[in-house]
Structure formats: C-alpha cells, structure tokens
Amino acid sequence: MLTPPQALEALLFAAGEPLEKKEAAKLLGIKPEQLSRVVEALSGELAGRGVALVESANELELRTSPAAADYAKKLRESELSRDLGKAGLETLAVIAYRGGATRSEVDWVRGVNSSASMKTLLLRGLIEGREDEADRRRVRYTLTTDALAYLGLARASELPRYGELAEGAGALIAAEAAAAAETPAP
Amino acid sequence: MNPTLPRTNFHITTEAYQGPFELVLDLIEERKLLVNDLALASITEEFIKHVKAQEHFPVEETATFVEIAATLLLVKSKSLIPDLALTEEEQQDVDDLKRRLEAYEKAREAARELARIFGKAMLFEAGARAPEVSFAPSKDLSASSLAEALARALAARAEVEKLPEARVKPMITIEEMMERLAARVEQAVNLSFKEFSGSAKEKVEVIVSFLALLELVKQGAVAAEQFDHHGDIRITHTSADSAPAYG
Amino acid sequence: MLTPPQALEALLFAAGEPLEKKEAAKLLGIKPEQLSRVVEALSGELAGRGVALVESANELELRTSPAAADYAKKLRESELSRDLGKAGLETLAVIAYRGGATRSEVDWVRGVNSSASMKTLLLRGLIEGREDEADRRRVRYTLTTDALAYLGLARASELPRYGELAEGAGALIAAEAAAAAETPAP
C-alpha cells in the first residue's frame, strides 16, 4: 500500500504534465485542504533526488531537479528557448513576487502599458489567467509550473530575495485602490 | 540593493526609456540617492531634459512622461518655495508617485534577479511517451458548444484589443495644471521676496530658471496634446483583465 | 552535486522512453561496466515508491510501480471522462472552424498557450497531427473522422455560424502572423 505522498508521486509521474491541485486531491481521495501536507511531504522525500515537485498556484508537476539540469539538458537541448526581454522580465517579476497580479497592478507598478508583455508571456505559457476569487470581473495572473521550471525553482517562495522584494499586503491594497479609482466600472 | 549584481543588461544607453519610472529611478540611482522628496526635486530638471531630448519617444507613453514631469515639478516647487501649499489632490499625486516608484524599484530589482536565473538551471519536463489514444468525446462537446467557445474567445480578444483606447485622459488638464502651478509659484515668489536676505540673488536666479523650465514643460504638454490629434495617446491604466483561461 | 543514481533518475525521467544502457553510461560520464552498480542503487532508492526502475537486457526505463497501478488507471479514466472545458472546447473549435490549424495558430486565436489542451485532445482521439504541406517543419492538426462523426458533420462548413466565426479566427491569425514576423522578443 502506498502512502499519500507516494501515490501523489505516481499520479504526477503518470500524468507527465501539470495536474490541477483540485484534480490531484480528488484522485487521491482526500480533501483539497489536506493536499498541502501531502505536497510538503512529497517535496521533502524528493529532496536531493533527480526529480523535483514543482508547485504553482493551481497546479503540481514533476520535473527534473535543478541539480540535474546539466544531465537533462543533453537530452533536451531543443527546449532551451530564447531569453525574455527587459519588459517581459519586469512583468514576470511583478506577477511572481506579488504571488499573482491583475493587469492593472502590473501597469501600476511598471508605469507603462504592459499589454504586449502580458500577451507574450501568455503565449509562451509562462503565466496563466484565472478569474480573481475576490472579484470575478477581474483576471488574476500567476506563474505556471513552466515558468517556475525555467527559473529552476520548485515554488514561488524560492524566488531570489523573496522576503525583501515581495510586496507586502499593504502595498498591494494601495495598488488595488489606485487601480480601482482610475478604472470606470465596466 | 546588491551592488555586486551585473547590471549591464539594463543600461543599454541607446535604448529608449520604456517608461517614466525607469528614467526617474536611473537618475536617482546615478546620484546614489533614495526615493524621497529631496531626490525627486534634484532630478526634476534632468528628467525634463531627457524627455525633451529623447527622439525615439514611445508615442503611447508620451502622456505618462508629461504627467510624471508635472508631478516632479510639484515636488521641485515645494522644495524651492516651502510656503507653497499643495492641494490635497496634488499631495496625493506626489505620494502616489513615491509609492509607485518604490514598488517599481523592487520590481526592477526582482527582474534583474530573474534575468540572472532564467533558463540557467532549467527543470525539464517528463519525456513524452507515445500516448495511448482512445476515442473519448465528452458530455460538453457538440457543434453548438464549439460555436459558443470560438465566439467567446473571439469576443474576449476583441475586448483586450479595444480596451486601451477606452481610457484616454484629456491632456488639457496637464497643461492647465502647469499654468496654475506657474502662476502660483510666481505669486509665492513675490510674497516671500522680502524675506530673501544675503543669498537672495542666488535664490531668485534659481527660481527664475525654474519658471523657464516650467514654460518648457508647458510647451511639451502642448506638443503632446497636438500629437493627440493625429493618433491616440494612451494612458497606462488598462484593466483589460478579460483573457481566456490558460490551457 | 548529484550522485550517479540521482543523475540517472533525472535522465530517465527526461527521456520518457526507454534509454539504451550504453547511452545512459555515456550521458552519465561513466564506464558501461560501472552502470550496473548505479542501476542497483537507484532501484534500491525507488523501492516501495510510486515510480519503479524497469531494466531489460539493453534498456532502462522509469514506470509507475505495480503498487501504483490503481492510481494510474484512475488518472487515465479521469482524463478520458472529464469535460473538455473552456480551454479544450476553444482549442478544438479553432481547429474545427479553420479546417485544420498549427499550434501557433491556435495560440494566436486564443491569446494563450494551448499545448496542454492540444495534448488532451490528441489523447482523446479528437484531433490528429500531420506534417503541414506548406511547411514541413510544422504539424497541422485536424479533427479526426471519429470527432466529425460524433459532431454529426460531414465537413467543417456545416458548423454553426461557420462563415462569420471562421473569418473572425482567420483575421486574428493573419494579424498575429504579421506581427510575429516583424517583432523580436519583448
């Protein structure tokens, strides 16, 4: 009999692609709120192995571990795609370090219209948009597991200098208020 | 700020500034200052010079650059003439600018961190195994659900393309603001003129050149406004938040 | 730094298919006769887990372990019985109304990366890919005959609001193709 973390590993391995957290909980026969403990346990068990668990806001995926990059690269040279430009990186940074952002938040922080950068990131599958749970008229963008994989990170909290560069809740609320004030009701 | 980080990627001098915040922060960092009133006042002139000199000016952002110039001038005015009382709205503009600059400073630093690690130690996905295909349609699949899905996707795209234009801010308010500010600075100078003692002459000169600067910005604002007749000037705040789900 | 068994795990994971032992030794930078000890070590580490190392005379492969067979089966059933959902239907619709489309064309119409949806549609036998006649480096996806039969259609033009929707998608593709040709990375 497999333990829940081992069952999760098997599921993710069999899926071969990102699995929705909701779906994973269902297949494991556990409640969604119990999943985070299983995720944590599996991450721990995989520490120092050749395979790592990558966790985005909505999905889970198995990937080769950061230390294995040099080996795996030999097999998959073609996947290394071109760098992002400055605008793309800034947009990705706002979304990453805020743990997700709406389009107006990105514009607010960068001081320029970020539509073109957002579009490229969406097309490259580095960010995904979903209805904001707090306000269903808005879309909140978060990093995909693919974006984390390009950065060599298992989860957003591993971002470099995360504590220092992540925006506190206060700044976020200010940004929302500012954006709301300038945005007429749709 | 970590001084050991390579920053060459972000200081290609031939590249046009993408947005006003980038220019403001570069000027402040050149002077090794922190984002505060003093720093903002000290870069105002330089900011305006850059804006005027920039040939490859991103058309869409002209309005934003002028707007930021106006706010910087408020800060500069206040630093030169402490008697000048800012209205609540003006003070809010100044506070808002400082907050946004702080947020952008962090985002820019974060972007440098991401540039450093992006693609360097990639986590590779599982190798593709030949899929076992079996025909499995779903309950939600029908000719009409396909039509609805495509119509919805096309409508969402049309909305994204359309939204920026919907939020055009009239440029005239900036010009008006400049004029009001110039008038108020002149008045404040006249009022406090007698208080100037020994170094008065120097200070008057500073303020006179500052007024000339204001005049330049006014002209810039007018030019930008005229440009608006030929093409839309877009303000950055879109809330074009309708986008199809990823997947 | 990874140990050889961990590096082997990453290699097999990234390969997906069985890897020749000779090839594995080469990629690990070890002599072929040293491989068996590495294989043994990895087998040991994976014992009792959701993933197992399968060894034949000449090849190595990672597979879900027998103990995890039930989970893999449940996953497969769930993958095949799930609703296609918004993303899946949109992707299938672009391919249907265009009478075939490349991956980029689907991305352009939807404005987001559609790889995951395409994978699902392929797995469920709703679309199939063939070399594009215009450009042999690309794959063109079309509806399978099974899918057309299920929808009760003899040809794409019988789809509801065909003229209008096919034209709308075509216009977006033309605009995006032109933009992609002239702009470098953001």
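By written order: A, B and C. Residues from 1 in each chain.
Here is the rule we use: contacts are C-beta pairs under 8 Å (C-beta built on N, C-alpha and C of every residue); 3 or more make two chains touch, one makes a residue touch a chain.
In this text, all values refer to a predicted model and were calculated from it rather than measured experimentally.
Q: Most remote chain relative to subunit C, going by C-alpha centroids?
A: It is B whose centre lies farthest from that of subunit C.
Q: Identify the chain whose mean C-alpha position lies nearest to the mean of all protein C-alpha atoms shown.
A: Located nearest the centre of all protein C-alpha atoms is chain A.
Q: Take the average of all CA coordinates in subunit B, do the same for subunit C, and state the distance between these two points in whole angstrom.
A: Between these chains, centre-to-centre, one finds 41 Å.
Q: Nearest whole angstrom, what separates the Cα centre of subunit A from the Cα centre of subunit B?
A: The answer is 27 Å.
Q: List the centre-to-centre spacing of subunit A and subunit C in whole Å, with centres computed as mean CA coordinates.
A: Once rounded, the distance between the two centres reads 20 Å.
Q: Would you pick out the residues of subunit A that each touch at least 2 other chains?
A: 13, 16-17, 62, 64-65, 67-68, 72, 75-76, 83-84, 87, 122, 125, 128-129
Q: Counting only residues that touch at least two other chains, what does the list for subunit B look like?
A: 124-129, 160, 243-247
Q: Please name which positions on subunit B make contact with subunit C in the complex.
A: 124-154, 156-157, 160, 243-247
Q: With touch defined as at the start, can you tell me which subunit B residues reach subunit A in the complex?
A: By the definition above, subunit B touches subunit A via 2, 9-10, 18-22, 58, 60-61, 64, 68, 96, 99-100, 102-104, 106-111, 113-129, 160, 164, 167, 234, 236-247.
Q: List the residues on subunit C that touch subunit B in their complex, please.
A: Touch list, subunit C to subunit B: 10, 13-17, 80-90, 92-94, 96-97, 109-114, 116-117, 119, 122-126, 144, 146-147, 150-153, 158-161, 165, 168-169, 172.
Q: Please name which positions on subunit A make contact with subunit B in the complex.
A: For this pair, the touching residues of subunit A are 13, 16-17, 52, 54, 61-69, 72-73, 75-76, 79-81, 83-84, 86-87, 89-90, 92-94, 96-97, 102-104, 107-113, 115, 122, 125, 127-130, 132, 137-139, 144, 146, 148-154, 159-161, 165, 167, 171, 174-175, 178-179, 182-183, 186.
Q: Taking the touch rule as given, give the residues of subunit C at its contact with subunit A in the complex, in rising order.
A: Residues 1-2, 5-11, 13-16, 27-28, 45, 48-51, 62, 64-65, 67-68, 71-72, 74-76, 78, 107-108, 111-113, 115-116, 119, 184-186.
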